[in-house]
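Both complexes shown next keep chain A, but they swap its partner, so chain B is in the first and chain C is in the second.
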Partner chain A sequence: MMRLDIRWWPWGVLTLLSLVLVMFFVFYPLGVLFANSVRGEGGEWSLASFAQLASDEDYRAAFRNSLVLGATVTALSIGVGVPFAYMVARYDFPLKNLVAILPILTIVIPEIIVGQSWLLVFGNNGLVTNAFAALGIELPSFYGWTGMIFSMTLVYYTYIYLGVLAALRGFDGQLEEAGLSLGTPPLTTRLRVLVPVVLPAVLVNALVVFTLVVGNFAISMLLGSRVPLLSVMTYNTFVSEMGGSPMLQSAMSMISIAIVAVVLFLQKRVIERKMYTMTQGRAPAAERVGSWQAMAFTGAVGIVVVLSMLPLLVVFLAAFTETSGPVMKWGQWSIGSLARVLGNSPEPIWNSLKFASMATVIGVIFAVLSSYLIIKKKNLLTQWLDYLLVLPLTISGTVLGIALIQSFNAGWIVLAGTSAIMVLCYTVRRLPFAVRNASSTLFNIPDSIEEASISLGVSPLMTLFKVVLPAMRASIASAAILMWLTTVSELSASIVVYTGGLETMPIAIFRQVDGGRLGLASAYGAALVTVILLPIVVAVKVFRIQLFSSR
Partner chain B sequence: MKLLKFVMAAAMAGSVGVGTTQAQTVVLYSSNNTETIETALNIIKKQKPGLNVQQVTGGTGALMKRIQAEAQNPRGDVMWSGGFGTLGAYRDQFQAYNPADAASTPAPFRGPNNLWIGTNVHVMVMMVNEKQLKGLPSPKSWSDLMDAKWKGKFAITDPSKSATAYSLVYGLYKQFGRDGLAKIAQNAVITSSSGTTYKGVASGEYAVGLTLEYAAQEFVAGGQKEIKLVYPSEGSYLAPEGMVIIKGAKNLDGAKALYDGLLSKEVQEALLVKNFRRPTRTDIDVAKLSGLPALNTLKIFDVNQEAASAEYEQVVALWNSLAKGK
Partner chain C sequence: MASITLDKLVKQFAGQTVLQSLSLHVPDGAFFTLLGPSGCGKTTLLRCIAGFHEPDAGRILFDRDDVTTTPAHRRDIGMVFQDYALFPDKSAFDNVAYGLRARGVRGDEMRRRVGDALDKVGLHALASRLPAQMSGGQRQRVALARALVIRPRVLLMDEPLSNLDAKMRLQMRDVILDLVREANITTVFVTHDQEEALAMSDQIALMERGAVAQLGSPEALYATPDNAYVADFIGSANVLPVTVTSVDAGGRLRYRFAGCEFDGTPGDGVDRGEARLIARPEELSLTAASPSVANGIEGKVLRRQYLGAKTAYRIAIADAAELRVELPSGHAAGGIQTGAQVQVLIPERSRVVAA
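Moving on to the complex of A and B:
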């Protein structure tokens, strides 16, 4: 009797509650989306929308382009990320520490800012373009494939870099020594021993990069106006003044989800087949390199780092540049744009802070609770909770936005047009990351501590608060910060659900870029970057939280 | 946990910091860009110090749908601005008002039964980037662009994505018929927003863009010397935009005060000088104040806005079929 009580109260009830919430806010919208994609106007079942898409020349082109773009950027990211990680893991060279940390910041810089600042540099009226034009040299247009491939590679190589770096650091150096002592030549040894270790990390992260590129909205929208792409097309169907048919939007969304689902399936197969378990060995010490090699390494890695950091610099320069309407007066400084943004229309800044902090609080509480249930109170229900919590990862922001707006626009629960939909959007989109983050330390907390507390007569719920939560403190803080960073820069889902008065900083940037006001966009960009970097600096410097541990 | 508390405190501060209420609060729904709204409200603040204007911004279509959805309990008082065709489609949602100053705006720019009044009028022009012409002569007329040598050299916005682009396509259709429109659709690069068209010309992506006068003029005024505005010899098309008081406005007096303010000569002059919005009032010397030609010196091809609105679906469908066929 007693045991059953403990099972249902409090954990069983909390599990059910979490499940109901996730079902309602994640699973149900996707269900609505699916239903809408196969139901005609009269409510009859039909695959007409899919047939229409299949016969649409433009859509087929967009489908092809998205896959090609995904494959190209993924390949290039591997080309940049793997050597980069290898150099950082195995060699010592000047400025290595700086160079090793900086790329992680690129994950933090909002994509909209990356896209916008590359336009400021290489756009048809950009700094570099104009400088070359003055010399009589005409650079090829940055819009389209060139720009997208270039800037996306500089954002996404980081994922490959981090994954491979972790794999290389967990690598047991003795394996290599064993190979060498058996008489195999050094290069062959390295290839034979390292490739199997690094390959799974490369493949898994490559698939992540691929899905991110296919779902990418901000950079595609800013740079790809002449190349039809799935994400942009889905968004355009949604905002079309004709009102776009919900059936078509939903069908497009389902196809995007299907692409990611296939990729996730592949990823699971790859991990299961290729994963090697390695006894925790000592990674080989980094090798000091000679002077010319050191310069080459610092140079190669430095160029990549400088290029991926450049957007930050450009945004701040542009924020302080004099403008006249849409025309940037480079070289003339002014605080006009910032004054306009801060003085006359600071609402997007307040909105961003408000929505992101609410989403962070809700998301972290939910993530801590559900990861605790999933890891420490395993049963069939928590297993389902675990599966459902991964769902948002399969949906691109645009699709999530469409699903939420279709589900909560009418009926008995109307969230459209209120702050609630923005917070919901942020929370759902970033929840999987927060859960993963909160879980990381939970694995390391032995069950025995809890059992000890309970056997001393402390109720299970109080034990959670008094014993488990304090032990999780660091990962809660880092989950909170990562949740904050990623929500405050969220664009692709919120731009679908927002209405007047709910504008956030990324949306303001997007709209100002769209209206041709790069100066104002940069001023919002500078504010956004500040809001993003401040908590990181505080966390790392004041609270000494290891945010970017690369393991 | 300290961090969490801090975040929570910040969240609460954020939600408290929003609503400030005063006796004379009036809610303005506006589809104009922030700079334009700023110009107008800065003057209105001086004209009517007691008036506290709260703004909600968004696209014309979205705001109209919102007004319709809120009809039982209107949350906005004034909507500024929408094309006459769009306003016509939502006429049941508006409150008639005859401002004292109405006579300053000529009858064609006033709505039926005083439901709305024009605040500005867009002129459709050809925006030319002379650097990108590359030997081609600058176009003089719409029909110049129907020639095959212009294929892929000029941009037009998809009329289903933008109300002003629709006015343009409708004008071309009325003036040159299906065949003329077909040639334009064949030759043009079709963009998905008005912004893409004029920014693309300014940045050199297209040599010519069929776009809004004010948007092109911003680049000229900003000092981009290669940008020129061409008013087609066959006649430009006008797309007037107007404002309305929302039916059931909570603060009708405040709404009227704001309406009068937006219509005032002072505001319309400032909008012309700073934002190149061509006024509908006849007592403003456009040429002297802005460098844009006066309306009565331009050749205009008349377009019936009501008819344009009525034929929307049909003309957009025609355009789509013509654009697809290439």
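Moving on to the complex of A and C:
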């Protein structure tokens, strides 16, 4: 039983302050969104917008397509991720350590770069398309289902891979030996023993992938072509309703939230039913494999890794390629695109750096403070803070952007049109990850070191600064880097809330691709990838921070 | 340095009363132990003294100062924790220096005092090590140095030895005693290990369910337990139901047990009627079955157990009661074997306490 037994100074006050901020910037916008979705033209209570959506053939198609796309990409991600994880966990083959780590890097490649790169390769004017055209072969169109399924799978299999790999590594090899000693044949034993271990990890991460695909904006927008999809349609409705009554966009947003809510509910059930009851044991040693098998393993895993890393290379090649209007002159090098971007319109780069660094500072401070309150100063209020901080996870970027713009474009706090709304967008969207990151470390810091500090004459508040924060230094650094990586590449929420002068790199890339100027888009892309990779290299090489150790 | 006075402390957690109007006085400079089984409220009491819990009622005084509502960081205490609680990112030196820095002690004086403190616990060579690079015993020494270097008014220790292995535990007893004796500091030491309490303390408060069952020197608790709980917790004892037939003003008492009359020593508040005899195994002795002697009772040796320096006997007596008797191995009765008929002598000094 949690009692409302609160010391007001300083923790109670800080808890209240955090709660008020989260209520105002997360809970309130969702409330506004909900209110707008159940309102008619005249402001009266009405379910008209939902009725209109239900009877709209295009919307129904988009709904269907999004679910089908989600299911397909999830299934393929499982098909790629599970065998990949199994090979890495149980076998030794050449280059294994390298290919085992690289998929983690895939996660930080911005989706907009992924979409753009595959356009540069397989699109109408793409590298491969042109090469085949020169041979007189016309490749089938990459736009639509093919492109989306292909490039999304190469992004999202990493979630399954990492989840299953963690489960397999925590798996007690003695179980398998026990099975064998009881006389079951090896293959049957493996299946019987491993499936219960791997299945929950697969299910939980599959549900994550599903929600990410359904909420995906960047790749859907660039490669989706004429396939109607929920996220794209919600964004388009927002753009066309601009200034008018926001009923339809709100109703669409509520439906998207409902889909995620159902998935989260299922996920919770899975976790409760049969989550890792595995006794921590010694994972079985990896098995060396024979030469032909080793080649096959390296080859299979290598192809996936190379394909998922390819966008990083392509975007740099394209940035240095000569262009003439929309035509990429592959093979002819030039720094023209880069010069135009850096010389004439570097504003998006500065904006990205500015907004992302502000969001990182605010987000990390807030995440550290609130996870400290949630874990070390438990009471009824901090419990609520904990619940509220998970909310942004249930909202896709597009929906978050719509909620924020609806709440802060008029009335007593107007943020629309200012840098503040961009920073707010970034911060709210990525806060849950930063909180999780900080919490996992705080869990491992015993309460007694704080009491030791207090007994030595340092006040509780100063103890936070002199003992707790220094002890969680490494995790603050990694939270900051992750926050930076994910905010600097944020597109789906910021593209909804941005206005002239607030353009960021991902938005610029999106607009240049949309306008057919792939060279300029690639120049921005190269800049974006640079500011993403630099801190990772610095963190890992200089500060030796284990960036990706805790998910 | 200060004496500690606890006046009718009450502490409740969610309706459960953990400290029941507890009063105690810890004299200036004493090594005072709170002893008791797990869950009896030792830690809660210590944390009230430290200021990490606010009592629901009652007062806490250091000398004459009422510190009941003083926040922990202004109480000028030193505390040693079971899990050492060293700051993980700070070296041994910086851990010890932490409290001095908080008190504004800087420069050469700070370095000298930290150096002295580390010297005293024999860790001068390890000053630059991080906690993770030290053994359990070394960490606990750093923790001790860190608590003592600030010369607190009182030193509080919550089961500081229980995470150490048996050998290190014995060694650390001496380290702790030497240091607190030298600093002449009032110490409250919490343990559930009666042997540790007997070996280290000036005074012991044996606790039972949030109250003090008996307060006294180790000798007093062992030799004159007030009740069966105390006798049972400290050392081992035969506790037998008896009927008191007479108590006289001169401090003599007669009681009836297994159909015979015995002379005994009355504990506090014993009256005629049902009572309990407390007989330590080593205060009993054995003689031949006949002739019968005063304060003797007949029994049969169920098992003889040779334990080196002493020999233990399990004796069955009437009414299905059993007694444990321990004799030095060289004793005259050493020849008594399993199955023999004997008489157990219950000395007059054995105490009879209220039931």
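The definition used in the following text is that the second predicted complex is superposed on the first by the 537 of 551 C-alpha atoms of A that agree within 3 Å, B and C clash if a C-alpha of one lies under 4 Å from a C-alpha of the other, contacts with A are read in each partner's own complex, and residues count from 1 in each chain.
The criterion applied here is as follows: contacts are C-beta pairs under 8 Å (C-beta built on N, C-alpha and C of every residue); 3 or more make two chains touch, one makes a residue touch a chain.
All values derive from a computational prediction rather than experimental measurement.
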Partners on chain A (chain B, chain C) - clash or fit: fit
First (chain B), second (chain C), both or neither touched by A:Ser291: neither
Partner chain in contact with A:Pro446 - chain B first, chain C second, else both or neither: second
Per-residue touch tally on chain A - higher for chain B or for chain C: B
Chain C, chain A and chain B - angle at the middle CA centre, rounded to the nearest 10 degrees: 150
First (chain B), second (chain C), both or neither touched by A:Arg473: both
First (chain B), second (chain C), both or neither touched by A:Ser55: neither
Chain B versus chain C as contact partner of A:Ser141, first or second or both or neither: first
CA minimum distance (chain B, chain C), superposed complexes, angstrom: 13
Those residues of chain A which chain B touches in one complex and chain C touches in the other: 473
Chain A partner contacts - residues on chain B that touch it in the complex: 1-4, 7-8, 10-11, 14-15, 17-18, 29, 33-35, 38, 56-59, 61-63, 66, 160-163, 189, 191-193, 195-196, 198-200, 202-205, 215, 218-219, 221-224, 316, 324
Residues of chain C defined as touching chain A within the complex: 14, 50, 52, 71-74, 76-79, 81-83, 85-90, 98-99, 102-103, 143, 146-147, 150, 156
Parts of chain A lying in touch with chain B, wherever the complex brings them together: 57, 123-125, 141, 143, 225-226, 236, 240-242, 323-327, 329, 340, 344-345, 350, 353-354, 357-358, 360-361, 364, 417, 473, 476-477, 480-481, 484, 499-501, 503, 514-517, 520, 539, 543
Chain C contact footprint on chain A (complex, rising order): 1, 3, 445-446, 448-449, 451-460, 466-467, 470-471, 473
